[in-house]
Amino acid sequence: MKPDRRKTLQSVNESGGLFAIWNHPNAHQITYFGLHALQHRGQTSVGLVSYDDGEFHGLHGNGLLTQVFNRPEKLERLIGRHAIGQVRSATQADREDNTNIQPLVFHFSNQTMVITHNGNITNGLTLREQLEAEGAVLSSNSAAELLIHLMRRKPAEDFEAAFKASLRELRGGFNFCLLTESGLYGAVDRNSFRPLVLGQMANGSYLLASETCALHTIGAKFVTEIFAGQYVVINDEGYRIGVYVEDTQITIEPMEYIYFARPDSDIAGVNVHSARKEMGRRLALEQPAPTADLVIGVPNSSLSAASGYAEASGLPYEIGLIKHQYVGRTFIQPTQELREQGVRSKLSVVVNLVRDKSVVLVDDSIVRGTTIRRLAQLLKESGAREIHLRIASPPLRFPNFYGIDVSHTSEMIAANYTVKELNELFGSDSLGYLSVQGLIDSVGLPIENETGGLSLDAFTGAYPADIADCRESLEASLTPLQEKIRKGASCDE
Amino acid sequence: MKPDRRKTLQSVNESGGLFAIWNHPNAHQITYFGLHALQHRGQTSVGLVSYDDGEFHGLHGNGLLTQVFNRPEKLERLIGRHAIGQVRSATQADREDNTNIQPLVFHFSNQTMVITHNGNITNGLTLREQLEAEGAVLSSNSAAELLIHLMRRKPAEDFEAAFKASLRELRGGFNFCLLTESGLYGAVDRNSFRPLVLGQMANGSYLLASETCALHTIGAKFVTEIFAGQYVVINDEGYRIGVYVEDTQITIEPMEYIYFARPDSDIAGVNVHSARKEMGRRLALEQPAPTADLVIGVPNSSLSAASGYAEASGLPYEIGLIKHQYVGRTFIQPTQELREQGVRSKLSVVVNLVRDKSVVLVDDSIVRGTTIRRLAQLLKESGAREIHLRIASPPLRFPNFYGIDVSHTSEMIAANYTVKELNELFGSDSLGYLSVQGLIDSVGLPIENETGGLSLDAFTGAYPADIADCRESLEASLTPLQEKIRKGASCDE
Amino acid sequence: MKPDRRKTLQSVNESGGLFAIWNHPNAHQITYFGLHALQHRGQTSVGLVSYDDGEFHGLHGNGLLTQVFNRPEKLERLIGRHAIGQVRSATQADREDNTNIQPLVFHFSNQTMVITHNGNITNGLTLREQLEAEGAVLSSNSAAELLIHLMRRKPAEDFEAAFKASLRELRGGFNFCLLTESGLYGAVDRNSFRPLVLGQMANGSYLLASETCALHTIGAKFVTEIFAGQYVVINDEGYRIGVYVEDTQITIEPMEYIYFARPDSDIAGVNVHSARKEMGRRLALEQPAPTADLVIGVPNSSLSAASGYAEASGLPYEIGLIKHQYVGRTFIQPTQELREQGVRSKLSVVVNLVRDKSVVLVDDSIVRGTTIRRLAQLLKESGAREIHLRIASPPLRFPNFYGIDVSHTSEMIAANYTVKELNELFGSDSLGYLSVQGLIDSVGLPIENETGGLSLDAFTGAYPADIADCRESLEASLTPLQEKIRKGASCDE
Amino acid sequence: MKPDRRKTLQSVNESGGLFAIWNHPNAHQITYFGLHALQHRGQTSVGLVSYDDGEFHGLHGNGLLTQVFNRPEKLERLIGRHAIGQVRSATQADREDNTNIQPLVFHFSNQTMVITHNGNITNGLTLREQLEAEGAVLSSNSAAELLIHLMRRKPAEDFEAAFKASLRELRGGFNFCLLTESGLYGAVDRNSFRPLVLGQMANGSYLLASETCALHTIGAKFVTEIFAGQYVVINDEGYRIGVYVEDTQITIEPMEYIYFARPDSDIAGVNVHSARKEMGRRLALEQPAPTADLVIGVPNSSLSAASGYAEASGLPYEIGLIKHQYVGRTFIQPTQELREQGVRSKLSVVVNLVRDKSVVLVDDSIVRGTTIRRLAQLLKESGAREIHLRIASPPLRFPNFYGIDVSHTSEMIAANYTVKELNELFGSDSLGYLSVQGLIDSVGLPIENETGGLSLDAFTGAYPADIADCRESLEASLTPLQEKIRKGASCDE
């Protein structure tokens, strides 16, 4: 079967961590440690480009930051007072093609532009086809390159105007960082799905980062978040925040709080660990487990919620699941035959803890359901008397175009089964999710509207932003359960 | 200055994890996953040798198991129904010399012996000199090779007798696994400092492993621990446990419970996580922190103790320190200049949690004191109002010849300072250690003697086993504080 | 100092070997072995792209073919009946940037184009600036990308017309191979500086290659060369050769015969080894060495000429210089101190052969003069009585924009010194070059004009093709000796 | 089937190049370049150990010297005024086992010994069994370790006496280099099968090397060869040559002249290139080819002989076979299917030269016959009218225990077929070998006995040295043709 050309050309959902700094004597080192703090946002490739008096120096590679920069010389070469970088999660196909590793560098006769982004431009394919019809040659299917094309087709005299006008043509969720010889630019989509923060070093240098945890790591001060529809210009005169579109609506991606961001980061002023612990507390109230003996969290992202559940319920919090610390990228997995013999890797149960006990197992969320089903089974085999699954987020039922990378709706187990059905599937004694309102209240953003400043699309199927080219395939693949939810039915019993 | 030849030749303190299995169709795969579960016992090199109808196949390499076996073919080549392996922590010098990577393979005209061990033979140098005087050529300074030499100089007719007689000549702490064409042998020193367990697969195959966590991973049943002065023979007829020496005394290395072993392992019937949590509870009683607002543990080894402290004290347990998950082997560290600018890697504080709070920071133990001092400072900089350090073990004051690899007494900070002095050094508001009796009670081994079945040497300087060749350098380097302790003084105020 | 932006953007002199095949069941393997035979044309990077029913598969990497394809799986993955590849010599800067490794792949909504080339587009910068002014974004400074941009700005209906019209806009020397879903295209500049040949496999499949030696290696039949101003279209109907420009002039790059091509290749019907041997014979007549005892060639490219010189002069041909066979890329070179102690790598003299002898040393050409000077000294130190240098080509005095990669005129030693001065510089007893007419006669192309079908620019400074953007820097850097030559002076005495 | 234990334990035929130097400030660098010049003697592993005031530093690895020392730091670390190294050809099994990479380092309480060797100890298995019976543990099956064991079992007071006495126990062919804290030792077997030479640097330092070509490379002066039954001691007082056995007979391995050594080396005063050229001249007289048009040599080792044949016969010498220069280690070989389509790698014919010609193809020797058969076929396919194979050495008919590594007699094609039969097998028009007397005369060693100072075993089956443990398998595997030869028949017609 021939592959779908449209699919090949569609701009990818770029998931990553961005960092950039202007005018610091150790720009390359600061950027290295900034990216290091953001490594959880992307583990498959790394790029770092510095600018030094007329010349750009870069290194791009596949793997973790520590693997790509495996010798100090590799970093020391990237001299200059300005630097920009990205850590990124790529798809398999992409991984074999080094040309997409960001930041992308574009040399022109009159300037150079170094760009990196995350997110998903939902009208990317439409824009691409328009550009190609005018003779444009796109060397990648990266949204970052799209922006460059849009900018280069506008009058060159006013760079900032071209930047703003081009941003306005984009739909979807995104963060951009763009380094040129004369300044560093940042921009956030009109819903501010993902965070982008401005920080300042002790010496006065300004920087951009995807999360505040990067600021702590490099000893920088938090200045402000870049909010929906805003852009920022950083140059030798300082920084200036502007607005490229008025029609905005803050709907932060809740998976940042639930799973993606690091616990020591704050998003829109709310600390991630604290939000998670509160989700756990709230979950204990909404979904108690009166017969339980102890609470266990799935390491590492669910430990905050589990400790919250334990405190609110008065049950002991136990470290009952051990994550193998040195797993690395495992090239060898147990065969089916070995799995049947009981061979496992990755997670182990503290058998003595759970034997003959009624266990609350807290997980942050369920996507495909594979892990939670396996864990429930593992606990049963280890002698647990009862297993009460408690999920510190609402059921994930609709694709999320800027968030979790799920290519087909059918992969999301809660798009296909009711909660009751899931409980049976998992073999658990009870299954309880946090309610949507519980999520909104736990995060507690100071935004008074019905979504509480969160994007609820993955739970409700109501999309706050224009999903443009993506709508067609969404509609074509709705499951019966999704149809029911959209018509207002509840499937949470 | 010329290096000390005696030092070069002294057998190394071999720290590692052992695994071996007899008569299983997937011996190499089982051993791979067994070693994977033991990776925390050694991260610098790996070896795996299989035996298949007359031929031995092996792979040895530096790095984690997943780095050495970086392609499935590398494992698939190691066919056979019997296999033996080790993961290991080597010193830097050793790391450059591949010849010491265990298991060591010795081919003789009449048999082949594949051997691996951990521990430290304290009379190794004396034995070596005796052997050399008789013309022996030792190709390594490994205690495993020593045992082979001793065995080969005994009459060949009775292999088991030669094994027992040779074991009797050794002093110190050790575990051996030895694979030959006709059987698999294991042995434990007369104090059983470190665990060695016998397990059984569903198909009946017997295996040896350093910790019970390896049994869970491979789906094996626990049969028994090999205790002080015992050896085990596994062959096609099953297994048989014998005694090579009568004069034994169980004194398990307490650092196994405190720090070294995996929380899901049981040692002498006591679960490690439960022991740690109990140490935390007991510590809360012995060393309360009445003004504190919350409890934080140093990830990952102190989290059990911290949750115990929190429960016993009624304080909230918070995830206030984040360990970078993807650190890998970092080749690039912040320079002094960057550190002064506040650049940090490895651990981050959840600033919003600790600001203006009185924090109990629980750590499992203090060796050099570098980390705890840095953490105390980091918490202060993050705005903590008070810092109460609570250590879930007694002060480490004497070298431990089979345990923590500290080459000089002077590196152990509690060998040089009283607790009061340490509190000042760390800049904390209070510092409290668990008492020796508290440790004994928390572990709660069912052994009624004054040490409770634990080796207290690192705390008291009283060595249960013959430290032979090591005594001289120990006596020569005693600190004034160590002298005082040995005379019965308390330095715990 | 700021680097010159124009220099950064100028399209590079791409030196490499091309291979492409249409419609063969083992297209990837044939291309692999075809590129293998062309490895001498480029050793720093390799790319191979196959096309299989709607999907393109590729591998690009730095190093030799055997280093990039270091596991059979890497080749086996590149399935399909059509394939295209290149081996290439990159500059250092380029080597760090994987994005320029050819073939380049461009995906469009309506088609995919995979392109590779060698040569130098002398009006590349002008074309680039024109395209950028129209909003084009060029992702590389590769002439191959330029061609794609030119084609995409022409009406899409007639692909072949767009190809021809775009080729007409280019100046300089080049060969292109272009693979699309519907056919394989090749083209040669209007001077046919470099060879491109059409071959046919036993099963009827047509292919393109840079040299006929690739045909021998893969068992293909020679069909024809693609000559000046021609292009070829290969598709399922067979092949068709067309003409895109009428105004052509065959001036083959003579360095192909002198040094670059493999001895078993034929160019324009003339075998390279035979041409070299004839240059050696002719050199013996033009520049005899009556007092000499023996003839030695500089391995490996000068051995044909040396054996010709020996035969024509009646002197014995000796293997007096040994090239280290296993040099590989040497990371360690003798320091100055070691060199003074006589430490050498790469070439050794057979001392017993040359001691007290008068030696003719034949080299194919002299560029910087470093090697020949070192060899003359080495022979002297080894006891040679007399050294007569004989160069089997005329003095290289002017930059060659499609040939030898010499960035500055000043690096060409014969652009700065007369033959007499060079003889003194090298410390030789005599120095003789082949005359330009001798070169023309030795190659003996059946083309009757004053250059004999060769491009004599490097010897005379008269450029047969439009050097466009390159003229300015050429004129600015002329040496006094170059000025004299251009005015008709001879500096060959 | 169970592998033969005796085979596993038999000491390997160690083929390699040795280099060692005493008391030079750049000992490690000199040794590096010395080994570099000897790389043709072994390409699979490298080891280099230096000694610096009490400490030994080493690096051992698989691959070429340039691959193992792939960063300057790796060499710079090996400080000290004394160094020893080896390049080596290992068998496949051996290659996976790093522990055999020489030099081997043995640390004892009273000294350290670093040893490397080449050759084959024919009574190695017997000696091993004797040692094991006395309790010895051998960690390798290296003859170098055997020597260490023998020495350590002799009284330690007189090191030199122990060295001599141990050497006397060995049978077969060998060269040893042994470095200790107090001196550098070398030794050669009683037949001096392989060369070992003593050289001197300009600063007075003495060194040992396998071939004189290493002396040229490092700028050293030739002092003397170490002859049969001799040993040499180098220390701070200079050098001293002694004799460890009186009963000697010089029988140099002729394959050194024919194939193995580098053309610029001299062995026993005879230059290798000159000997080869003389073999070619003599071959032209013994085996003329009156109808031939030209002479071609198989590159690279047969080029000297081919040029000799051409000169003596008056035929033109042509470079008609091209060896791919950049082959590297090829991981991908043409499949049978591709070979049938004519795909070839490694060697190419200059088709234009040989078409319709009668070709003399000169090869240095024939072992398995695979290459020569393939080349004859290739020349035919390229249009050669006649093919006259001329071999510049006598037929190789018996295993050579110190020379060519042929594991089974059956692999030697001339042990199975007469010359007439071989001509038919190869499809050539004539086949002629050099006679044994022709070989003796061409080398022309100034030794007057019937073998001319050469070991003729491979041609005649008469072994000059005691082949000890190897005799049994030799006798068991004699072919009918070998039996006939031994009885005096000629099979050269």
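Order of writing sets the chain letters: A, B, C and D. Residues in each chain are counted from 1.
By definition in this document, a residue touches a chain if its C-beta (ideal position, glycine included) is under 8 Å from a C-beta of that chain, and two chains touch if they have at least 3 such contacts.
These are the chains along with the protein names UniProt gives them: A, B, C, D = Amidophosphoribosyltransferase.
Every value quoted in this text rests on a predicted model; they were computed, and no experiment measured them.
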Third chains touching both subunit B and subunit A: none
Approximate Å spacing (C-alpha centroids) for the pair subunit A, subunit C: 49
Computed distance of Cα centres, subunit D from subunit A, in Å: 62
Of all residues in subunit B, the ones touching two or more other chains: none
Touch-based graph of the chains, sorted into line, ring, star, complete or other: ring
Interchain contacts, given as pairs of chains that touch: A-B, A-C, B-D, C-D
Subunit C partner contacts - residues on subunit D that touch it in the complex: 26, 29-30, 32-33, 36-37, 39-40, 43, 64-67, 69-72, 75, 201-203, 213, 216-220, 262-264, 266, 271, 273-274, 277, 300, 303-304, 307, 310-311, 316-320, 322, 324-332, 334-335, 337-338, 341-345, 348-353
Subunit A-touching residues of subunit C, taken from the complex the two chains share: 1-3, 5-6, 8-9, 53-55, 58-60, 96-99, 106-110, 128-129, 132, 134-141, 145, 148-149, 152-153
